[in-house]
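You will see two complexes here that share chain A, one where it goes with chain B and one where it goes with chain C.
Up next, the complex of A and B:
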């Protein structure tokens, strides 16, 4: 059963990733990208990590994909890129991707993933949270400071002083 | 006086009916019964109450319907019943339909009108059915340059997402379609799909007003999602779980709105914005942009989007009830099932009728459902009340409210929750 689900998810993820690259219509490309991100959420579900899966859905499909869609809709396509397309570039791209995938795969296979036992109980997200506030607390505080700094910076950048406009006051 | 069928003769009519009956009987005998026997030969018959479900047994159930009660009870524990009927789609659609009617009547009373009145003799009670029939029978018009696949898919996706949201809401103890361990996170993930569907629907119509409305909806929903998520963190901290059933069960002695009123108020305001209700109905502002992102939808496509909107309304109100108003908890008002009826059966003069398998629902479940519906309806009442009271806010006021004031209030709420936990009022060693 899990194998069928895994195969289906793989087909969805890789197929929609290829579609996201190859589609002429940018809107459909972003929808295909949503399919890829949702498929990755499905992989997390299969790996007994529903916490990560739901965050993947909420953050990537729910927010990032919306931002991409929004940008695509607001910008004229002709202004973004010129069509430079020939066979050589395409095959070079495919070859580069294959090389990268083989290299990454070799790293993964070497990393001891084969000797991992697969029937262990899944890690509870509460344990991860407890680890974060006890052993890894400096990392947590560092992350919190970085995020707070970036949010403050974004607020400062987004803030602008409105000119005096009689219509808009009150 | 006009005659509908001038050449009508009763004798010919009876002859025609008899002819039809003859042919139907002939086909059933020659084709139907052999086909049934062939099918019965191949399918495995289910065993119910220790008996093999043969056609004879099925016919005997038809004679004595009380024998089917155990089967009904067995069916009620299945997933399909939960998805289709009780805590799922059917229940939610029933509530949503009643909400539409109540909203129209209530708006009319607030504005000193009568509202739906003629359809169905009593206060226009059948108006909704009439509207539904009208929407089904209307032609679906698609704009010439619309992106057809997306335009067709958007209303269906909208209803499907709303139904997924409904499936996460627990109605009574144990009565929930999907009892997800991370229910609240699943709610956030589902809510994130609404702006996508809205903007895709608006874009695919290839028309100005839907696009403006869709962009407004996107701004509004995305910017109010953040205070929505933050306002619920207080409840999660206090209960220590993300499972909605456990959150509802943890409020057996007091609802969380007593301790976290700021979170409840912020969640209520963000709820209004996510539902595009007045005073935040900018995406559908009918006096500015026709009907916003719904402009080009016609016929049953519009009907589906409306159905999805009201399912979403019910789901949000149910979520508020589960998180802040103690869900199904309430005083026991449903009387227990009379036990002498179970022991002795129903005596009607010389006849004694004993029925196996009663009661169909437990007392707790009926009571919980009753209280959940009452509380949810109260929340829905407060959601639709501003429609008769408030004007529409401006876009910049809306975004200002969402990004500064509500997020600030959310952090105040989180610190209140933390203070309650560290002061020992709530959590381990405290009240619960």
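Up next, the complex of A and C:
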């Protein structure tokens, strides 16, 4: 059965996921999102995957959450504190969420993974490194290209064309 | 290791449900991005949990790939938000009429 650390991480993760979507202020919402991402990193530690946990902390909490925070700060002040949502859709959304949770949860509880435990040692991170450079090397190169392309595309998209103050014209 | 696989799977299902609720109800572009992030994290949790209990190194490798691709997706999504905000001075997706097909 679940232990204390698992229960605490569950409460932190799910509570701050709800807070991230329901807080009135977008700034507090993005800080709550950091709590969710950090809680997931804690789950990775519980699952004996410290390498993935540190990667999650560095990439998600370190860069993505900060990037979101800066984007929120670029938005007008009254938009940060205004809640924009469909009132009619709210109950339908809650119903959809509950139906999904109960249905998928029943499927998982009913399946054979309920009693699945393991006594085997966890995967060594050396195996992950070996995976990356042997079997998955085309995917690794492709991922590097995708990252470079998407960051370049994001920079081009967000560039402001300011022709009046362009240095080349003056 | 005192927790079982089913515990992690149920947490992942709960996060998926919360994320889909956010995508269905919210009309704020930034909040919808939060919901997408929560769904991606639920998927990563499942990958690592199944990789631990099989045990197989492919779960953690795929989770690392997934985290990196999610970083690229967030960068593009946030720049799209900035462009749309510059055009419409709003983050309500119901206002983005000219994006309609």
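Please note the rule applied: the second predicted complex is superposed on the first by the 113 of 170 C-alpha atoms of A that agree within 3 Å, B and C clash if a C-alpha of one lies under 4 Å from a C-alpha of the other, contacts with A are read in each partner's own complex, and residues count from 1 in each chain.
Convention: a residue touches a chain if its C-beta (ideal position, glycine included) is under 8 Å from a C-beta of that chain, and two chains touch if they have at least 3 such contacts.
Because the structure is predicted, anything quoted here is derived from the model rather than measured.
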| item | value |
| --- | --- |
| Touched partner set for A:136, first chain B, second chain C, both or neither | second |
| First (chain B), second (chain C), both or neither touched by A:31 | first |
| Of chain C and chain B, partner touching more chain A residues | C |
| Chain B versus chain C as contact partner of A:63, first or second or both or neither | both |
| Which of chain B and chain C A:55 touches, first, second, both or neither | both |
| Chain A positions touched by chain B in one structure and by chain C in the second | 51, 55, 63 |
| Touch list for chain C against partner chain A, complex | 1-11, 13-22, 24-28, 30-31, 33-35, 37-38, 41, 44-45, 48-49, 51-61, 63-65, 67-76, 78-83, 85-86, 89-92 |
| Chain B contact footprint on chain A (complex, rising order) | 27, 31, 34, 50-51, 54-55, 57-58, 61-63, 65-66, 69-70, 73, 168 |
| Footprint of chain C on chain A - complex, ascending | 1-3, 6, 10, 13-14, 17-18, 20-21, 26, 29-30, 33, 36-37, 40, 43-44, 46-49, 51-52, 55-56, 59-60, 63-64, 67-68, 71-72, 74-76, 79, 83-86, 89-90, 92-94, 96-98, 100-101, 104-105, 108-109, 113-118, 120-125, 127-128, 131-132, 136, 139, 143, 146-147, 150-151, 153-155, 157-158, 160 |
| Residue ranges of chain B in contact with chain A within the complex | 147, 150, 180-182, 185-186, 188-189, 191-193, 195-196, 199-200, 203, 211, 215, 218, 222, 225, 396 |
